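As written, the chains take the letters A, B, C and D, and residue 1 is the first residue of each chain.
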Amino acid sequence: MYQKNPTCDLNHGPIQEDQLKLVSRKRVPEGTVIDVSGIQIGGPEIVIIAGPCSVESEEQLSSTATAVKELGAHILRGGAYKPRTSPYSFQGLQDEGLTLLSWIRDEIDIPVVTEVMDPRKLELVCEHADILQIGSRNMHNTPLLNEVGKVRKPVLLKRGMSATIEEFLYAAEYIIKQGNDQVILCERGIRTFEPSTRFTLDIGAIPVLKRLSHLPVIVDPSHGTGHWWMVPGLAKAAIAAGADGLIIEVHCDPQNALCDGGQSLHPDTFKDLMDELFKVALAVGRSISSSVVIR
Amino acid sequence: MYQKNPTCDLNHGPIQEDQLKLVSRKRVPEGTVIDVSGIQIGGPEIVIIAGPCSVESEEQLSSTATAVKELGAHILRGGAYKPRTSPYSFQGLQDEGLTLLSWIRDEIDIPVVTEVMDPRKLELVCEHADILQIGSRNMHNTPLLNEVGKVRKPVLLKRGMSATIEEFLYAAEYIIKQGNDQVILCERGIRTFEPSTRFTLDIGAIPVLKRLSHLPVIVDPSHGTGHWWMVPGLAKAAIAAGADGLIIEVHCDPQNALCDGGQSLHPDTFKDLMDELFKVALAVGRSISSSVVIR
Amino acid sequence: MYQKNPTCDLNHGPIQEDQLKLVSRKRVPEGTVIDVSGIQIGGPEIVIIAGPCSVESEEQLSSTATAVKELGAHILRGGAYKPRTSPYSFQGLQDEGLTLLSWIRDEIDIPVVTEVMDPRKLELVCEHADILQIGSRNMHNTPLLNEVGKVRKPVLLKRGMSATIEEFLYAAEYIIKQGNDQVILCERGIRTFEPSTRFTLDIGAIPVLKRLSHLPVIVDPSHGTGHWWMVPGLAKAAIAAGADGLIIEVHCDPQNALCDGGQSLHPDTFKDLMDELFKVALAVGRSISSSVVIR
Amino acid sequence: MYQKNPTCDLNHGPIQEDQLKLVSRKRVPEGTVIDVSGIQIGGPEIVIIAGPCSVESEEQLSSTATAVKELGAHILRGGAYKPRTSPYSFQGLQDEGLTLLSWIRDEIDIPVVTEVMDPRKLELVCEHADILQIGSRNMHNTPLLNEVGKVRKPVLLKRGMSATIEEFLYAAEYIIKQGNDQVILCERGIRTFEPSTRFTLDIGAIPVLKRLSHLPVIVDPSHGTGHWWMVPGLAKAAIAAGADGLIIEVHCDPQNALCDGGQSLHPDTFKDLMDELFKVALAVGRSISSSVVIR
């Protein structure tokens, strides 16, 4: 059943494509399209996910969600449980944040994606979210991967901050092996020696993932750079390189955000970016529908 | 309570020492010593943890455990739950592996350390293990850190494969903040561009951790290199640089190990290494007691 | 004159913008435009540099140069002196390669860029080339930087494979300090842990360089990825992110190239890419003139 | 003669040992010993090179050289030409620094090592130095490697800050291929994501280099860490792991050093370190002779 493995888990050398069975493009040559309340991820249309890093209050969530929806975002992002480096940083509103997300989803009629960090919270998150996010810090958390593999919700799987592309695909393989093949891959920047950006967004991962796997690929230019003024350039680059969508942090008052304000776009900047993305998408044979139309 | 944080979680620049409160050496200038069944970790004696990467069978565990104890190891290591890159690799014997560990602990009278990956398994692991290991892939798993912070067992916390030293210390801070201050830090190699070793063992982390924190520091030269023939050199280097102990993979039949055989020492090599470590420890003003004496 | 420097040359932490005097955007807020035989680098038009990794023969250079010029490339690239990892790899045709480059430049009327590695060859290279290239392996070679700073030829300066953006800008500062302010910055991929690509192309460096400096920025998607099939995606990404041009390896017979064949585009693929780049440039408010028109 | 190379210069995957011909241990199984004025590098004795980062003045050099010799250093280091990140930092005393080095060499009778950066200065440096240093920033500078390969002086070759071990050995291969087989390899830290140290000293490179090559291996714990208080721990680790020697920065007045003062040991700290190194060397079957005895 399990292969004998005299060598170590490797992290160098060429990708062993024959071991990546369920994620392999050979299995679904035309590519997988995932439907989220009528929105197609992985199809010809580019999908825009936007919203605050974390849910902070009803007022903050409501204003930001309304803004991003009006400006064309198809899906709302917002963290209820936040994995922070320091225990003294804001950890998210936890269960209360989930309730707020759920309420705004119904209120303004937009699907939501939020992170699940703890297998004991999975059932609760499934009740409130349309897409489950596995964050970068949990990409190697195999018990959690196995659990989200057992539910029937799309999973947005973020690349670990130092995961090779091969390891990233194996994490998706874990989820699909349990029965859930609705996995969306998300490149979000890798850790390198360069200190002027928070991470180094690996745009090259897009063509590699697209060649090896049938799964949709989206990009997070907010965490990938750490600076709001870099987000538009990298967002356009991701679409030009073949990404199926973007997940972008937007906050109505970035200066006072409780988390990652420095990388959040103000709605005005997001509006300008949407106009630019519309043109870049067309230039590469894709399109971005207004959220009203495609739902 | 929580600070407003307009910038992102940073991973560059100097360490903010004033934010690392509970792990700070200023709090325990003389250094923390952790007692595990009479073995002192962090005191003048160097502590050697040895054993197989994973528990494979009664016979395998028994022969390896007996060998390492006879050769002077103070604590037995062995994984029951294994975090593997591929879902098709051996995942450990799971609960059955724990039972075997527990049995051998009583049989040959040696404390054991084993990894806990899932908060739902924590109670079970606590029943069978003397030290809980948080593996590299879970260093950023804050729900798990919080849970092991609530129990009263020593925790061997491995550095994430791309965690900065600051992030590593914050992970320890999470555990101690919940009430459990028995944390042992373990450097186990970081991810770099160099392909000839599995990871790059960051020997420099030892003096940095010792300067900043009061917690004991041990080193894993097996995962840090990925090659058994590199383990002796790096083990000696770690002690020379000030580490309080080592965790070394030993297997009676490395060729047929189900996991990480390429980095496991045969007991004969481990024996030679123990003799060499004895001399290096003395050269830096430490010592290694035979396991019989110090228990 | 020289500041006393009690600390080490740093490579972490925020960029000290006040130390980057001559390259600073504050000095030339509108951005520097460099003229090469009537081609403007850094202006509204995107500039395409294409050609073989190395000059191999008259026939090879002639066929490739003719092809790329017909397909719209504005400048020809080709290495006469090649910095190879192994002394047993092809080292370039050396002086003879320069003569061939010079001949083809006149023959088909296209400016050429070629690498200079040795200060003793600088005068000779200046006679034959329109742009001097400083390769990635020599970005830290300060005697060479000082020498090219004394001539009056544009310099295409490639980022060192592990140079921070700050160090990259300091290398340009060396050149300008000697009197030559015609420096073109070239992002060409940095060294990371990811093994599936030759380097990790740092698309995020484009907006950072553009914000900090007035110098034109071009991108090398061939070395940056190491795989020809990745070049189109990354070339489009670079333009979308704000690059002023591209340097792309093209070879009429990649299978038999003496150097870097795996990353070279066949002219047919280059033709398709030019069509796509034309559209992406327009989408971001830039344009690509046919080489006939702009000269 | 030169092999056709359809793929790119690779930097991932296992080392192609059969391509590393002249540096291979198979060629000199017992290991190469290099004699520098009677001092044997690569033999059973550990060799200590010490001195200031750069030559600043007659007084500074004289006091530091006298101190390190009295404390047991066998060879004096000191830079006349300094490769600095910023053109506004102190660049060394240049030719005048060489003259000072030469004078002190005769005055206190100690061999000296100094860096050569420019092939046009090679003859001059050869007149004044006993060992030529190729710095980290020039490890990929093949014209310079070829030149030092043509002279009959020992070469201390530092690993490039992002060079793989394979590339490092190829750089040595370049030198030996030209006829000079007196090459000393020097590990000096690699560039990683970790910001608390200047570089990450790759102690694991020592056993890898020793296994693959017959050349002596020394370690630079000063540049490898960037902090003087880390130097003793890493110096001891290097010897414990099998290094043949150390190159350590010592300065009589580190606070006022013109270069890298933060990583320089005061002679008092160097004295304590020498006592400790003496014990660690014995513990691993080596020894450190006083400089008087072995000359």
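Note that in this section contacts are C-beta pairs under 8 Å (C-beta built on N, C-alpha and C of every residue); 3 or more make two chains touch, one makes a residue touch a chain.
As the structure is a prediction and not an experimental result, all values here were calculated from the model.
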| item | value |
| --- | --- |
| Intersection of the contact lists for chain A and chain B | C, D |
| Remotest chain, chain A as reference, centres from CA atoms | D |
| Distance between the centres, which are taken as Cα means, of chain C and chain B, whole angstrom | 47 |
| Whole-Å separation of chain centres (CA-atom averages), chain A against chain C | 34 |
| For chain C, residues that touch 2 or more chains besides their own | 11-14, 162, 166, 191-193, 195 |
| Chain D to chain A touching residues, read off their complex | 12-14, 162, 191-193, 195 |
| In the complex, chain C residues that touch chain A | 11-15, 162, 164-166, 190, 192-197, 200-208, 211, 224-225, 229-230, 233-234, 236-242, 276, 279-280, 282-284 |
| Chain D-facing residues of chain C, complex | 2-13, 19, 83-91, 117-120, 137-138, 140-143, 161-162, 166-167, 170, 173-174, 177, 191, 195, 198-199, 226, 254-263 |
